[in-house]
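In the two complexes that follow, subunit A is the common piece, with subunit B as its partner first and subunit C second.
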Partner chain A sequence: MQSMIKAMAGTPPHAHHPWPRRIVDADTWSALAAQLAEGRWTLAGLWGDAGAVHMALLDMSRGESQGELAVASLPCPTGQFPSVARRHPPAHRLERTIADLFGLEPVGAPDDRPWLDHGRWRVGHPLGITTETSGEGAPYAFLTAEGEGLHRIGVGPVHAGIIEPGHFRFTANGETVVRLEERLGYTHKGVESLMAGASLERAARLAGRISGDSTVAYSIAFARAAEAALGIEIPARAHWLRALMAELERIANHVGDIGAACNDAAFALMHAHTAVLRERVLRQSSACFGHRLMMDKVVPGGVAIDLDRAGAEGIRSLMATIRQAFPPLIELFDNTASLQDRTVGAGILSHALAHQYGCGGYVGRASGRAFDTRRDLAYPPYDSLRFDVPLFQEGDVNARLWVRIREVEQSLGLIDQLLEGMPSGDISVAIGHGPETREGIALVEGFRGDILCWLRLDPTGIVERCHLRDPSWFQWPVLEAAIEGNIVADFPLCNKSFNCSYSGHDL
Partner chain B sequence: MIDMLLINGFSIQISQMLLVLLFSPLLTGLVRKVKARLLRRQGPPLLQPYRDLIRLARKEAVVAESASWLFRIVPYIVFAATWVAAALIPTFATGLLFSWSADLIVIIALLGSARFFLALAGMDVGTSFGGIGSSREAMIATLAEPALIMIVFTIALVAGSTQLSTVANIMLAGVGLRVSLGMALFALVIVALAENARMPVDNPATHLELTMVHEAMVLEYSGRHLALLELASAIKLLLYCSLIACVFVPWGLAPAGAPLHVHLIGAAVYIGKIGIAGCLLAIFETLIAKMRVFRVPDFLGAALMLGFLGTLLLFVSRSL
Partner chain C sequence: MRKLLFESLTRAPLTEAPPDMELADIAALATTLGDVARRRLGRSLSIREIDAGSCNGCELEIHALANAFYDLERFGLRFVASPRHADVLLVTGPVTRNMREALERTYNATPSPKWVVSVGDCAADGGCFAGSYAVVGGVSAVVPVDLHIAGCPPSPETLLKALVALIGHVSQGARAP
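Now for the complex of A and B:
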């Protein structure tokens, strides 16, 4: 990483914490893209700015728990930048988004179709030089697959069930999927536009609403980026309370997902039981922190609510309940042959793809990519806690569910440690603003994987630019690959095992 | 004096036709309720299927622009064929008027026609889901129908008739414990699950359009059309339960010419049998996951094989 940073021999314009940011020229930018393609770094984010593009690179070459992050920035005065996707496919949709939002053109990009912009915003390039558009929508050229007996099935964006909107275009040969193409962007809310010019308080609330099921993780990511930018140290108790909320969120989501995936294989029994467990977690969260999803409880500077003795006792008894109820459910999951028949061997994601795309969370860890921000780019209090990062190699639906199961067990252990060692003291500090423009970055482990937050605050403490990258950005594309060769009827199950966020991705 | 009154075939036939028509949504409601209770949910009321039918019947039927005349008449064909088929199976009494003109083979043919037209309607609108549903249904049917025919042969060989009233009477008289009949029962249960779009072949409660079979075919239907199709599937479920009850547990069936109170007892016993069948179905569906679509042929292949073996065994045992 040091060599990379030296190669990026530009001076940073503003203070950037905790990891370095360097200005690079087009050649270095292209060289970095080539190194990404070689697999030397992992792409952690690629986003636009006023007249510049930024790329976050993750270096894991020093081994476990020694991860490093750096940001390379390329000014694009001409409105163009060399495409990263040309060499490194994971950058595809990120570049298309940059083109949609900022009007910056990736030169040499293999795919120049719009991504988030469906032509219905009545404004083009909302974050760059805006243009007026008709708002009537533009036709979208889906990729073709031709051959005898192939037929197309379009699903969504409105689905029969109550799920988020997304369009899936299958090309199938009978029941076998030959190609799947996703089209997302239906839940675009303009978060990045809303962020620009927002006060820190408002921006924190916005960040907590990007993907409702990960609201704690998003809030922590935003708060950590803001604190890094402003150079604030928050009290230890705040760190521990944040982790407690994050682990509760992880347990609730994982338990819910395990049941929901079984439900997609029409095994409603698991779903019924896990729904009860999830509900218990949500109710306890509500009792302790005043909100079922703990929304807005993590704020820049600390946390908004303290945990009292009764709350801690409530969580302890909740943990006991889960410890008692969870293992029989896992036994049921593992011993139901008809269910195993569905999950084993379905939707296999290869090792190579998981590494290339830097898939975070259970998607990566089920395909042999052992990366967990809590361990590899450890932030407090995880640097002082004991936990394992479960790893599976099979890459199928079953493995993704097993990663979740093992992570629930790890989270139970973490919560024990958190309650045991919870330091006393304040839960927040006042936040001011710097005398100059400051930038911060944070990488936080949500239940889906690593959430990146990059933030620039102006001297008055107003957000100039904030980018939040959901883990789903690097999981949606590999779902297309994982479903290939599977049967159409298995897609819902595979999709559920990925459970990517629509809202987090569409911003 | 009423005891002495002999109930004739005509009135039995009419009451039986009304019984299956009016009773079938209750069975659907029962299965849903039991499934819900097993999942610790309250579940919809037992009478919900009736309310749904009334609601649908009152609604406007929206028909796709690309639909042909076939699309409109199929619900009526499917409903009529299924209803007639159900009327041919002795539920509480054997002396059915229609029985003498139609046997088990006719029942299979009627159900086969209903399915054929439904599959056509699924493809008629030209949506991808209808096509998927129809092609999956056709795949299931190509295996389920031969299996059903083999089951009929087995039963016919044992009873010496394909005539259900006769079969029921002979079964009542006692044919002893037969391996072939056991195989036929097992095969018939499998076929019944597949034919009624139940688990593990199809999930009647799914919201996942890509996994549907039966639901995908009727996805474009609405209003009274949908009400007829829903009622037809409820009748079909009752039909299969009645068939199994009639052939394998015929006790309680009122013989032809029996007095009224015997018929009333027969009706009570019948309702009890169907209730047990509904509960068993709900329990079974709760305990398993749905199969991969391509596992269905293996599952139905087992039914076909059992049907074959049942027939073969009878021939072998007879010639020895």
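Now for the complex of A and C:
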């Protein structure tokens, strides 16, 4: 940590908690980018601000459960900053987004095409110095792949199933994918502009709607950043209830998606059974917390609803049901040769890419990257709970599903411990505001991976700037690499095994 | 696998009774749907779902309609992959500016007669995303909406009630002289 802060020679700005932020000069910024490329740090976020860019770096050099985070900020008085992507490709789309939203130019960036801005907003650089645009849309130059017999297949943004919108441009040689290029941004709702100037309460509601499947994790990330900024300690019971909701959310998504992935390999029986388990989790969540997805139940200062005795009993009996129903399904998954024929060896993500991109969640953990915020930058109550971080090396669809299977088992164990050791007491504290500008940052483990939230509150407690980085930012790009050499027909299966969020990415 | 299949022979099905329809629901839907709709749709509906910028919460609950508890297909409702096969477009989200054209084109690709059902609070008027530079604000600002299902997200039960009410009226209408 000291070494990372040393590398960020610069001055500390406003109160920034719990990890440090330093204002650096362009040389230090470029040096940090070079160190990212060497693999010394992992890029945890890169976002714009009024006249500045920020970069969050993760340092895992001290080993497991000793992770540290720090933010480097570079003022851009001329509207330019040295491109990080020039040396470190994971920064590509993040820099294109900064250019779209703030009009800050990454100098030397290899790709200057817009990313989220499709030319439809009628405004250029909506978060920076705005300009008026026609809103008629702009053509997009897809990357080329040339050779005899190659053909292109365009898919989306409206897909055949009940899924989110995005465009995939395949170049194929017969059945084999030569190149996949994603085009995202269709669900861009301008959340960050809505957050600026919002009350903490309204911003928390927006944070809970960045990606509906991870609403609990997003709400925790936002609440933790706000509490860090304001220096608020919440009651222990609130921490434990948050974790309970987060683990229920994880189980619901994992069991549902395991079945849905099998369904994409034409094995509908698994889907039918796991959908029942998912529904049971959502019903119990609704019975305990009053909402099936538990939206708006985690709030800055604590949680909005307490768990009563009947609710705890209900969750215990749900855990028993899952423990009984899940193993036979896993046995079925493990013993169906026709299914394994599809999942084993499909969509392999290399260790090198998983580490370079800092892929979070099951995508990273299926490719040998053992990172889990709950363990490596532990926050309460996980620092006092026992659990393993399942790790696989193969990097294929099968490994990603196995990570999720093992994580369901871990979450069941965590929920036992949470119900057993749940402290009594209050579930929330009142939140005020600082007498000056305050900043906070949080990294929280959602089912999909680590969610970053960075927040600046003005002296009256109004949100000045909030940035939320979905784990998908570091997973979508490597899907393009994982699909290469696979057949087009395996794309739905590979895509489902990544299960990236469109809305979370597009903001 | 054999064991799982045998078990499903001996166990009672999980599928629940059709939702209890409150009269108010039906009255509201009856006014929403014209007689023409009732006559033409018969007893089955093909639905094409379009995410026009939702947070994916509505999609999760629409997905749940297919699980064993709700079993949407027993009511003659089914999701289809192409707008060309659809009678009903089920649209979620506040309609982002980036999705506006895709929604219009999907609507135009759907043969008439067709009906649009908007799902979720942001599909009504943009919800908590209203006022953003990137949001058009409500499905009806882009294509004509015949029925709105409120909720953030609406529960599968609410969705099922509305869709079954739709088809119930369809069949009543079909029997009417």
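One rule holds for everything that comes next: the second predicted complex is superposed on the first by the 506 of 507 C-alpha atoms of A that agree within 3 Å, B and C clash if a C-alpha of one lies under 4 Å from a C-alpha of the other, contacts with A are read in each partner's own complex, and residues count from 1 in each chain.
One rule holds for everything that comes next: a residue touches a chain if its C-beta (ideal position, glycine included) is under 8 Å from a C-beta of that chain, and two chains touch if they have at least 3 such contacts.
Small disclaimer: the values here were computed from a predicted structure and weren't measured.
Look at A:153: by the touch rule set out above, it reaches subunit B but stays clear of subunit C. Within the superposed three-chain model, A:79 lies out of touch with both subunit B and subunit C [touch as defined at top]. After superposition on the shared chain, subunit A has more residues touched by C, the comparison being subunit B against subunit C.
Shared-chain residue A:491: touches subunit B; no touch with subunit C.
In the superposed pair of complexes, A:175 makes contact with subunit B only, with no contact to subunit C.
In the superposed model, A:190 makes contact with subunit C only, not with subunit B. When the two structures are aligned on the shared chain, A:413 is found in touch with neither subunit B nor subunit C.
Using the contact criterion defined above for the overlaid structures, shared-chain residue A:336 touches subunit B and also reaches subunit C.
Within the superposed three-chain model, A:161 lies in touch with subunit B and with subunit C [touch as defined at top]. In the superposition on chain A, contact is made by A:265 with subunit B only, not with subunit C. Overlap of the subunit B and subunit C interfaces on subunit A: residues 160-162, 269, 272, 276, 336. Subunit A meets subunit B in the complex at residues 151-155, 159-162, 174-175, 262, 264-269, 271-272, 276, 336, 338-339, 341-342, 487-492. The residues of subunit C lying in touch with subunit A in their complex are 1, 3-5, 14, 49-64, 66-69, 79, 81-83, 93-94, 96-102, 106, 128-129, 131-135, 152-153, 155. Listing the residues of subunit B that touch subunit A in their complex gives 35, 38-41, 128-129, 131-132, 135, 199-200, 203, 205-211, 286-295. On the side of subunit A, the complex with subunit C involves touching residues 116, 118, 120-123, 126, 135, 137, 157-158, 160-165, 185-191, 193-194, 202, 205-206, 209-213, 215, 256, 269, 272-273, 275-276, 278-279, 282, 286, 292-293, 295, 328-329, 332, 335-336, 501-503.
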